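Dropping a structure here in structure tokens format, bear with me for questions.
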Amino acid sequence: MPGEGARTWLIPDAYLPSAGAGRVAGHEAICILNTGDQAARVEIDVYFEERDPHLGVAVTIGPRRTRHIRTDRPEMLGGLKIPRELPYAIRLRSDVPIVVQYSRLDVTQPNLALMTTLGFATA
Amino acid sequence: MPGEGARTWLIPDAYLPSAGAGRVAGHEAICILNTGDQAARVEIDVYFEERDPHLGVAVTIGPRRTRHIRTDRPEMLGGLKIPRELPYAIRLRSDVPIVVQYSRLDVTQPNLALMTTLGFATA
Amino acid sequence: MPGEGARTWLIPDAYLPSAGAGRVAGHEAICILNTGDQAARVEIDVYFEERDPHLGVAVTIGPRRTRHIRTDRPEMLGGLKIPRELPYAIRLRSDVPIVVQYSRLDVTQPNLALMTTLGFATA
Amino acid sequence: MPGEGARTWLIPDAYLPSAGAGRVAGHEAICILNTGDQAARVEIDVYFEERDPHLGVAVTIGPRRTRHIRTDRPEMLGGLKIPRELPYAIRLRSDVPIVVQYSRLDVTQPNLALMTTLGFATA
């Protein structure tokens, strides 16, 4: 049975903040939920302000699983190293319906700040 | 009269943070609004990264009522104990239309951080 | 010309936090945008966990205007006094299309925390 | 090929906070993603509570590019100077589909606070 959601998701405000010096490193998470009973094959495209996008980072989310992808961990993004403190944007395209939420944790000051939103779903 | 909203809601980025040591404990809330004139019977499914989901936690929201479910209170989740500091995701399915919003309060540092989003609505 | 948006909006997670002791008082804002060329007559309903809703608070937003309603100011809610530190929820119904966003500023600790989301639009 | 998204976007809760005195100035960002292969010509309208809107600020986002517009930088808004600490609202209209997310960083207290949401998409 296919899961709920959509196949294309867009996140205009991505930004990997400074890691900071505290117990928790500043980071972003691209959180994917696959409620279906087959694996979701997802391609992630990364858009910039001043250069061409980096296309086609492949990730897989198992059936009935969630995956919270940390953008500061290249091993979770097929080796792609996201630069810190640079505005960018994200597109995800999946072969099956998924749901995508984006969150950021900033520790530029001693106390953390959080923000989150669903991605924009289409198709 | 049925209420407004949708029957299925999805929240990919759930995470019960450390309780911390301050006056306010770190927590999440799954906030449900039932504007209809009959009770909403809701089943909550919890998805993980590395194991099979926990399905079918039953909660009821009365007619013309809201319910803010704290995920750190097993008595509000049919006894289910959500582990702290573990990424997970949530699906809610209701027999009548409802609206669902997810919020998190993090007190890992001395000052709290907040985030919120609507769930993704479908069906 | 009618404005953009929808006529019914729902916000499940409303909560007026402690005012705190700092320069900025803890508060919520229900932010309405009316891009049309006639006034929007809006009725606000307030839902609780343990008692019947308070229905029909009337507010008006002029044509091509925004209004950021502070829930801690009864004079902006037809005299309705929202209790602090009590979970509640909000419905807005308008005679013309509007757009509604909800934000909260919490100063329970010395440093403020912020969260925001669009309302859920229907009809 | 046209990009994903919608042509009209609305943000009811805009507010440019105090710049503060820390390393990071309090600010807002209107973040636009254009995944299509032609430039997006966008007009931004700014709505107020007590006066007529300021219409038609023109910005362009190149094909396959993102742009994070800081509202405290008039040079990114065709010279328009947004007043600080005044509630307002934003409409964006594009000639091609785009996706729009709004974020705010508040440093009124020593530690920053963050909030974000997608705009409301229509047409």
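Odds and ends about this structure:
Order of writing sets the labels: A, B, C and D. Residues in every chain begin at 1.
Operating definition for what follows: a residue touches a chain if its C-beta (ideal position, glycine included) is under 8 Å from a C-beta of that chain, and two chains touch if they have at least 3 such contacts.
Keep in mind the model is a prediction, meaning the values are calculated, not measured.
At the interface between chain A and chain D, under half of the residue numbers involved are used by both copies, so each side presents largely different positions. To fit its Cα atoms onto chain C, chain B must turn through 90 degrees, a value rounded to the nearest 5.
Mean C-alpha positions place chain A and chain B at a centre distance of 22 Å. Per-chain Cα centroids separate chain B from chain D by 30 Å. In chain B, the residues that touch at least two other chains are 110-111, 113-118. Remark: chain D residues 4-5, 22-24, 29, 31-33, 35, 64-68, 99-103, 105, 107, 110-118, 121 touch chain A in the complex. Within the complex, the chain C residues that touch chain B are 8, 10-13, 15, 45, 47-50, 52-53, 87-89, 91, 104, 106, 108-111, 113-118, 120, 122-123.
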